[in-house]
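Each structure below appears as structure tokens.
One chain, chain A, appears in both complexes that follow, with chain B as partner in the first and chain C in the second.
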Partner chain A sequence: MSQAHISLKNLRKTYGPAVAVENLNLDIEEGKFIAIMGPSGCGKSTMLRMLAGLEEASGGDILHQGRRINDLPIWEREMPMVWQSLALFPFLTVRENVEFGLRMNGVGAAERKHRAQVWLKKLGLGEYADRGIDQLSGGQRQRVALARCLVTEPSVLLLDEPLSALDAHLSVQMQGELKRLQRELGITFIYVTHSHSEAFSMADTVVIMNKGRIEQAGSPEDIYLRPATPFVAEFLGGSSIFGCTVRTRKNGELVLESADGTFKCDAAQSSGLTPGQNVSLVVRADQISITPAAGWADNEVSCRVIGEEFVGALVNLRLETGAGTQITVQLQQRDMQSLDLETGAGVTASWHPEDGHIIAE
Partner chain B sequence: MTSLLQARRLSRAAYGAMWSLPLPVWLAGFFLGPMVLLIWLSFWDVKNFLLTPDFQLENWQKILTAGYFWSAYARTAAIAASAAALATLVALPCALAISFFLSPRARMVLLGLFVVPFFTSYLVRIYSWQIYLTENGIVMKLMAAIGIETGSLLNTPLALMIGLVTLTLPLVIVIQSISLLSLDRTLIDAAYNLGCGPRRVLFATVLPAARPGIVLGALFAFIFSFGDFVTATYLGGGKFTTLSILIADTVKSGQQWPRAAVVALMMIATLLLTALASIAYAYRRT
Partner chain C sequence: MRVTRTTRRLTLAFTGLALVFLYAPILTNFVFSLNSDRFPTIPLGGFTLEWYRLILADALVIDAFKNTIKIALIVAPVATLMGFAAAYADYRFNFLGKKLVLVFALMPPLIPLVVIGLAMLAYLSRIGLSGTLPAIIVSHIVLTSPFAMAIIRLRFSQIDGDLEFAAQNLGASNWRAFRAVIIPSTKTSVLAAFLLCMAVSFDEYAVTWFVGGLEETSSVRILSFLQSAVSPRINAIGSITFVTSISLILGAQFLVLRRLTKDAK
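Right after this comes the complex of A and B.
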């Protein structure tokens, strides 16, 4: 078995009685793009800061290529970080900022200048080398922060919500560039973010954290299609979640009982479930259909329209069942128009038995 | 409707004007006015000890070609620069300790204590230094007790430095501390993160980042020392003729107000240039 590039073993961080990170276990393969995601206060930044050495772990181990680095001081970890605030040195020029890490590691002036110039060119900043940081745009500063880290040729790059200060358009552009850079360089990127689109568009592995724990780690597709916990399904949004009890399992079909009625579900994914067990049934917004009246499909719930939001050509329709469950349905704009719905109107939501995803509690 | 809007706009303008008014009044009454008078005065004449309005260049000629003026000028600049450097060096460790090693509470108390010296008159503080430094004074006796024989410390460059640092140190410490406290701590983390060890972080990151405050502190120390009369008179014993002493002497000897005005204008010009150069340096990138 190949050794993981970076391993976290039972990693803990407590501040007095408050637990920031609880018993974290994670293996990160070399050359992968890992996105760590979660709501604010979930411990994702604390984890990153422990990796960089800015916070001391309260327990557990951090291994870098099999070597325990818990006691290694920050300045010897060689894990440069792109900061949320960028933390560029305002008293240095662009070139001097990029040279800083090399200077601290005793690289000679001529080589420093050469290597800085190579990276500035690579990131399209060649002509800005002698400018001050305050003379650059947000996107250019972002690139200086990247160049400052990458010029030291690290094996891992830490990124702490680096794009949060950019406007949406620039952020999307930088996402593409980051992914391209990571592929070209083949180094490990550990990227902390609260943005779904950043995590899912760039990462090979997405780690979802909540309350100091890892809820799920997997490929973006895996997490999107098969959320492991109700929290993940809810955090990703765009899904409707029904609290159910397993009633029977027969003929390849699972029957679930909920406050909103009886639902059928594909039994293929239900191994290990026993009658009487509580489960969450998750249905993605794009798998739910809307009809004006009932009687067309297996899983039907009658609802009331409570709102709608337009996302380009798509519409997210918000519904509420009689039992108070919130349902989100994604429709094409033109389908929405043909349905001609108003807030408060009654509709029937339905989905195919094979489209429901079951999370055992 | 329209008139209501206009009335509101007018009242807002009036409100703004009310708050803005003191600034031009103050500037005109206490800065520009006296300045114009001073410039005008520098062209007057003195006849039989009487000031006479005139427009002649003799005062400027006389002062700018006088060796005693330029030697006083160089001496004053050297003393002020030394005092500024000394105050900056003495203040820096204090400001670093206040900003990085003290609890917020201790920091508040200490910064408060640096204001206390301003409660007593500077003149009183300098007089008490006179008692310490004089022939057979406390300092001399203490030195003798540990086997170091000194003469009177009064009227020495050391006494001058003690007096000027007494004047400027609290202010320099406060300015440096504010600058260090407002420093973005992430910059220090970023420096560590890029391989900068704790021994280098001071010179590679903290001091460059705090440079505006450090330069500003030194500038204030220079300005106060450059124009100081009290220390030069009471701790220097008039032995070191500074520009302030020169002004006093010029006025006393023969009512030469116009020539004193020339000296004063030269001082103002020097301080203005020093301030501009310092500020340019403070915000320059290396």
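Right after this comes the complex of A and C.
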């Protein structure tokens, strides 16, 4: 097995009695785009800051190409970071900002200028080289921050919610650029974000963190289709979660019991489940159908409409069951119109047995 | 709300009046320092530089000025450095009891001068320093360093907290990051603090009078003049002191305001 580019082994960070990061284990392959996601306070930024050397690990190891770097000072880690605040030097010009890392590493003036120019051009900033930072737009500053890091030709780039200050349109555009850059350069990107769309559109591997621990790490598809914990399913949103108990398992079918009734489920994914065990049944919003009356499908729940939100051509319909479970259903705009539902109306939500995803607890 | 012409006029008149009350005495002082009459009366006598010539020939006054300058030239750098160190510590570090330390560091200007003067005198005489220039210098440092700290802290509060780390992240060691980021970001406010410390040291007389003994600064000299006799020389020495202080303060103001407007852009 090839050695991981960056490895975290039992990494811990505590502030007095408060635990920010708890026994984190993660191997990051070289040249991959890793997105680390989680709600605020989940430890994702602390983890990144420990990588950069801004925070000292309370325990465990950080390995960079097999070498333990816990005790290296910040300036020797060679892991440039794109900051959430960008942290551009306001008293320097764009070019001087980009040259900064080279200057600190003792690169001569002529070469500095040349390399900075190459990167400024590459990021479409060639004509802004001699401007001050305060004369740039948000997107341009973002690029300066990137250029300032990439000009040092690092093998890994850390990004701490770099797009959070941009408006939605610009953010999407930058996502494309970041992904393209990462592919071209083949360097490892470690990208911390709380935005699903950023993580899922760019990353090769998504790591979902909660309360200082990794809940799940895997490809975006894997995480989307097979959330490992109820937290992941809930955090990603767009799914309905039923707390169930396993009742029986027969004929390739699993029968679950919940406060909302009895559900059938494909047994293929259920190896190791025993009757009486508590599980979460997760059904994605796009796999649930709506009918005015019951009696059409295997898994049915009668619900009340509590709200709807329009997302372009799609509608997210919010339902609540008699037992109080929240259900989200995604419908096409025109289906929604033909159903002609009002808030408070009674409907039946249903899904196929093979569409339910089971998470053992 | 619509501002009527009357309100506007009243505002102007009121502002004008306030300014007159503030600056008329100083202006009078200046005018009479150039007046040839022995007593400040109107109509004015002829124009003269006699009073300036007199004080510049007065050894006591010259000594006082020399002391003032000596003291200010030591107090300003030391107080600025201390203020800077405190402000930087506040910007960069979090530690237990930080708030308390800040409160104590910023407190001296809030304590009545008489109290500081007495306390300083009691303490300095115990260690055998009272009545010396070092006594005045130490007291002035106590009084001025909080001003330096306040001005420099204001600047630090506008600096992105990640900036220094960003420099380190790009390969700058502690000291290089400090030189590359902190010094260029704070230099104008440090200069402003320096000027303000000088101005405060120049003007201070209460504590100086307590701890200085026979050593006098120009402001204490003015006080002594006043106690002995009314002389137009006071106007002359007062004018010189005023011009010096106001130049220092305006210089400091200019630096601080220029920084603020530049950042606000």
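A few points about this structure:
Methods note: the second predicted complex is superposed on the first by the 361 of 361 C-alpha atoms of A that agree within 3 Å, B and C clash if a C-alpha of one lies under 4 Å from a C-alpha of the other, contacts with A are read in each partner's own complex, and residues count from 1 in each chain.
Just so it is clear, a residue touches a chain if its C-beta (ideal position, glycine included) is under 8 Å from a C-beta of that chain, and two chains touch if they have at least 3 such contacts.
Treat the numbers as computed from the prediction; the structure is a model and nothing was measured.
Applying the stated clash criterion after superposition on chain A shows that chain B and chain C collide. Once the two complexes are laid over each other on the shared chain, residue contacts for A:Thr93 go to chain B alone; chain C is not touched.
After overlaying the two complexes on the shared chain, residue contacts for A:Tyr224 are found with neither chain B nor chain C. In the overlay built on the shared chain, the residue A:Arg148 is in contact with chain B and with chain C. Contact with neither chain B nor chain C is seen for A:Phe200 once the two complexes are overlaid on the shared chain. Comparing the two complexes, residues 52, 54, 73-81, 83, 85, 87, 89-91, 100-101, 104-105, 148-149, 152 of chain A contact chain B in one case and chain C in the other. Considering their complex, residues 52, 54, 73-81, 83, 85, 87-91, 100-101, 104-105, 134, 148-149, 152 of chain A touch chain C.
Across the complex, chain A is touched by residues 160-163, 165-174, 176-177, 180-181, 184-185, 265 of chain C. Residues of chain B touching chain A in their complex: 184, 186-187, 189-198, 200, 204-205, 208-209, 211, 285-286. Within the complex, the chain A residues that touch chain B are 52-54, 73-81, 83, 85, 87, 89-93, 96, 100-101, 103-105, 132, 148-149, 152.
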